[in-house]
Amino acid sequence: MAERTEANAQDRPGGPARPIVEFVDVTKRFGSTTALGNVSISGSSGTVHAVTGENGAGKSTLMNLLTGVHRLDGGEIRLRGKPVTLHSPKDARAHRISTIFQELTLLPNLTVAENMFLGREPRRMGLVNRPEMRRLAEKALARLGINIPPQTYCSALSVGEQQMVEIAKGIAADAEIFILDEPTAALNAPEVEKLAELIFTMKAEGKLIFYISHRLEEIFRFCDEVSVLKDGRHVATHPVAELDREKLVSLMVGRELGELFPQRVPQQDPQTMLSIKGLTTNPFPPKVSFELAKGEILGLAGLEGQGQRAIIRAIAGIDPPISGRVEKTGDDPAQPISVRPTIVAVSQAGIGFIPEDRKIEGLYLPLSIRQNMALGMLREQSLWRPARIKRDEIETLLAQMRVAHADPRQPVGALSGGNQQKVMIGRWLASGVNVLLVEEPTRGVDVGAKAEIYSLLREFSDAGGAVLITSSELTEVLGLCDRILVVREGALIAEFDGPAATEELVMNAALTGTHENQELEGAA
Amino acid sequence: MTVMAKNSPATARSHLASASRFVLNLPFAYVGTALLLLFAYFTRPMLLSPLLLLLIVRQAAPLGIAVIGQSICMRVLSLDLSIGGVVVAVSYILTSGALPFSGPVLIAICILFGLLVGATNAFFITRMRASSVIVTLAMAMILTGVVISLGQFHAPGDAPEVLKFIGQKRLGIFPIALFVWLAVVIPAALFLRFSVFGRYVDAIGANPNAAWASGIPYVRVVTIVHILSSLFAVFSGLLLVGFVGVGSMDIGGDLALNSLAAVILGGITFGGGKGGVLGPAMAAFMLTFSFNLLTSLGLGEPGKLMIQGAIIAVAAMIYASRRNK
Amino acid sequence: MSWLNILRFPGRSGLGIVPIGVPIVMFIFISFASPNFLNVQNLSNVNAQIAALLIVALGQMIVAICGGIDLSVGSVLSLTSAIIVSVDPALAVPLALLAGLVVGVVNGVGVTIFAVHPLVMTLATLTFLQGLALLILPVPGGDVPDYLEAMVDFSFLGLPAAFFWCLVFATAAAVVLRSTRFGLRIFAVGANEDNAARNGVNVVLHRISSYVLCSFGGVMAGLFLSARVASADATMGAHYGLESVTAIALGGVLLAGGIGSVPGVIAGTIALGLMTNGMNLIGVSPFVRAAATGLLLLTAISLQPRKAIGA
Amino acid sequence: MKSNILKLGALTVASFFAVASMTTTANAVELTAPGLLDPTTEEMTEAGAYKKEGPWTIGMSFPGLGNTWIVQMVQETQYTAANNDQIEEFIFTEAGWAPAKQVADLEDLIARKVDAIIVAPMAPASVKKQVDAAIAAGILVTTYGSSEGVLNSAVELNLGGKAFGKAGGEWLKEKLDGKGTIWAFRGIAGVNEETLRYEGLTEALEGTEIEIGAEVFGDWNYTKGKQLCENLVLSGQPVDAIWFSGADMTRACIDVFKDVGKPLVPMTGEGNNGFLRIWTENDLDSVAPIYTPSIGPALVRATVALLEGETLNKSYYSDPAPITNETLGDYYREDLNDAFWVTSALPEDEISKNFAR
């Protein structure tokens, strides 16, 4: 803590240090939507500059302008005082800008060393100098204190290891300006510590680090300055020292958290809809059993990569479980029906799965809104029959969900993220399922749409359905769910009643909780 | 925007613009056919006689039927290169005399055979997750190889009379093959347009991952698609054998690649497109008409191949780049 | 890494038990089945018989690693054959190479810039070039330049010329894949072009270059084959497009991109060569060959499942 | 001699062959039915030069398959070889019309140490090296076709070619009285035999006022021939007669003329039963050169003769008189199907077994 203020103090005398990166009135549009409007932010050497805001606020877009992935539509970027045009990631690299992307950009069929030097392989006599590459890779990995042989193929690494390699790759680039986009998303606690050390070293070396995150604790721990974006606009930039948690949150959100979430109605006589018995999933050996009741929204919480995703995907039949059973209560509560763990059988049993990535797994972007919705209605129809589509029902549903659209015949890809998310959920509402498995219900969705999606899910459960969600946003889990199960290393380690749970309780469990099967992991 | 356009002086121009947009959005086959007909009108007007056009339709029918299967395959992001092999096998079953049955029974055997080939293709593509290019290519190799080794000591005989009748005769001036074509195309078009199956085909083509994750019976749909494709190949083969009248080992050899070309010209791309079933059908006519036109222009084989290749490349480039905008 | 480890963890080479095992099993089987197989003359025949296919398949492998497919390479071979007997012998090779360059660029531009599916694009060029080759050389024949014939007819250290052709091209391809930036980056492009681009790889340039190299392989195979049969034929390469795809698929190259290796392609080509040679030697009806190749291909590919369903 | 046999009337071709071989024993070696194959040179092979102790292994390299003529030729060849107990093994290879594959086939046959090779070269130059290698390895080589001196094979048996095209051309010249417009339906572009046949036609037409109005390549194939003919007929190209390089195309064209109701014009054909059937049934006016599949058996017999130490002429040529309206009845077999080609060397029971309608 003291160290950080010292660093700040060094910059201060004689006014602010000359910034090496300046965004001046930058604007970026995608089609008709303005992703960024007149944003001006600057960063100086030897500082860690947080860029934060809600999902979809424009953080990644802003940084992608600096990495050459996107081109400016207005304004300019100045590097060391001079305006520059960045056409490609290669250009950015030439200007000594290094990016550690949020999505993993490692190529599975390249080794760690090859990945780290892709695009700037060291050469000797025109050929790739592999020994040199390996040596440099080892050096960079050593700086992070990680012990991964550089000759390992990246397909063999865990997600956390890949994230570390991604970071090492950025460091090995010998740049002046670093962009860290949600670097801790896939890291476990010791890895975060290593990253922390590294960030302080880099700062001491006079680098500028843009730290993109919406994790408040990290911003307060690592950063000197914070710029807040909201809906593509620059809200404010403050030294971190001048802010506290509440102030930052209010800058980010601009409203009380409470009104986001619909009212919880306690269920009188909870009746089991879905029971999971002894489920084991691929990377995680522990057996998982729980029940989902009618009218309930159940949340699987925990740190990222702890098995929530594996559990929900196993139930959905996407990545079928290794063992275990799923039973669903049908018309007769006394006679639960065993559900085969394949996605088709699961869907036939009246269970809908809403994936986290709507573009990749969720929507049919080239098809119209109506076609997307209509596909849900076909769930119980025979392949050979004429498709019975009730257009008026679709219109009603679209209106109910307040999907902002010009025409149901327009391609769904032309909608904004929030409306796309609604269409994806709407498809399942139209299909008549009574259990929904939802991964990250509001990823990449603006705040207004969030509230609407929450109330959609709540209406669904109130109408006699049941919802299971996974979410990396703790506030979401706390605000929406009736019951919260905390997952750590694939096991359920704690259960909280929704209204009673707090962020501290859940985080505590997620970070430190243990389970009876832990020795199993030790043996492995 | 439409309100603004209504009373503005630019109305006529915007009509023109939307008309030209409509034309540009049509599969290339429609525009191409129109251009070819126009060109023929000035250079070889004889080709436009109704009689000849109907004969060209008959020539196009086998390709037109095979192309339906190919187009559904492509709409679910798959491909069927085994069409030629199926046709050769059909020719063998019908004309080798190795199976001592009557014509209708042989036709039934052909259909069963088509089911089997399609199911085998589908098995490898969906269950073994093998590339459809490789699987159907291998299938074509196996079928032609087996047929040629079986047939090497036996000259093929005549086609069943019923097929010769369908392939060669006409009602009035209309060749029966035309009716067969229509009888296959129209139900296929309606089925794909209105059935649940057709919706699923669109969904899989638009986003296979989403189709998988949302519980659409992906494997079943792709399996049916490949079975249908083989069945259409069988029908195409029946028509071809009937048309030729005798068995032949090099029958239908260019069907797989021509059908691929026709699908592209018909506006189908991998995973969708606007052509439906009619676009590729039009493209089958267009290709056949272009062969005839080029012949009557006295262009030899080389010229024909070059123009054919150029047409496919240009159409694909126009269509693909427009789709990606 | 030990040999066994490579088989167990093939990495991006695609070299599993199947690609390596198939030719070995075939070799052993034919050795027992035919007394004439294991003699120097026959083995050198096999070498000469597979050389052209190997050269084409190496080019096909580069395109495939980069995530494409090139059916037109057979027509490039035919075109080369037609060109070299139709122009001044001194210009023959440069002109053929120029033609290869143009074809590669056209294919590459169609696939990358116009975003045409590679099967469709190269099918179109296949058709066009076949026509062009027939236009240049309607009737087979002609005199292949003497220097070319000399290049396939020598023997050195008791080894036939074809051996050195194979050696040169296999080595060149291996160096390209293993030790050049291009080689490393096409693996990246083939695995995930977006991520490759984010790492500063020029995807368009690499794609186009892969098609150019493939066409270059077609040209070289055309020179070799025309010289070997001492005459030109404008349909000489017709089989090579699909045959080379078969060879690389047998060799463990993933058609979806990102996986493949020179040893695999060599193994796949040898497997095909042994199939033909073995059947001729054992006296199996030659017509069975196509069927057997198809079966082999199906078996091989079933043992290498992918994630996605489709083309 | 030929007329002698024709007097036998409506005998089938095969039985006529059987009778012929019984009655003529003058020559030392009988390669085919008499009149089908004549020596073209006085030069003889050296007696005993190729003599080997049996049983033999004989290999054959053929360019490829594709039509019923080839199937029948291969069938007859294999039958002949199988019925000679001195031939232990007969290996048939086909190159799928790829010159490189033919080279490979020959190399493999040499590697198998066969006693003799029958080669039907796609292009003589392309197999020269392998033929020389075979001869150097002590293998007897006989050739199907004429290599014009390129190959050093012991004996060459040739057929068709210019004479085939010329027979049709001469007939057309007569029919048209030396003037008019004809269409020429050619075979597969670039194939040697095809070029020769076409040259035969142009030679026959030299000095006449007959013009070739349209020239198309129908690949000897019914389907393609039919499409091309439909096209030419309906595009109104003038035509007085049609020359064909192969019979399947003639059949196709007759079907087209009948289809559109256009009066038939003189068309040349080929000795194929399907064509002969249409000819007979429709009372056409035509001529059909004979391109005999018994060339295959003849090659086997020549090879065997040489291995036995006999002497043969260095080259032979098959140029039987074409089938005309007058002789049609001698050749047409109502009981056989369209895939049968005259004249066959198979015995009658084999013929009726394989080609029954």
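Every chain is named by a letter (A, B, C and D) in the order it is written, and numbering of its residues begins at 1.
FYI, a residue touches a chain if its C-beta (ideal position, glycine included) is under 8 Å from a C-beta of that chain, and two chains touch if they have at least 3 such contacts.
As the structure is a prediction and not an experimental result, all values here were calculated from the model.
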Chain pair with the higher count of C-beta pairs in contact (B-C, A-C): B-C
Chain A and chain B, separation of their C-alpha mean positions in angstrom: 45
Rounded Å distance between chain B and chain C, as computed from the means of their C-alpha atoms: 30
Centroid spacing, where centroids are CA-atom means, of chain A and chain D in whole angstrom: 75
Junction residues of chain D, two or more chains touched: 65, 189
Per-residue overlap in chain C, given as positions that touch at least 2 other chains: 134, 138, 285, 287
Residue list for chain A, restricted to those that touch at least two other chains: none
Contact pairs between chains, per stated definition: A-B, A-C, B-C, B-D, C-D
Parts of chain D lying in touch with chain B, wherever the complex brings them together: 65-68, 71-72, 74-75, 78, 189, 214-217, 221-223, 226-228, 230-232, 234-237, 255, 259-260, 274, 337-340, 354-357
List of chain A residues in touch with chain C within their complex: 67, 69, 88-90, 93, 99, 101, 105-111, 114-115, 118-121, 123, 126-128, 130, 153, 156
Chain B-facing residues of chain A, complex: 316-318, 343-344, 346-348, 352-353, 355, 360-367, 371, 374-376, 378-379, 381-387, 427
Contact set on chain B toward chain A in their complex: 194-200, 202-203, 206-207, 209-221, 224, 272
Residues on chain C engaged by chain B in the complex (per definition of touch): 69, 110, 113-117, 119-121, 123-135, 138, 242, 245-246, 249, 255-256, 285, 287-295, 297-298, 301-302, 304-311
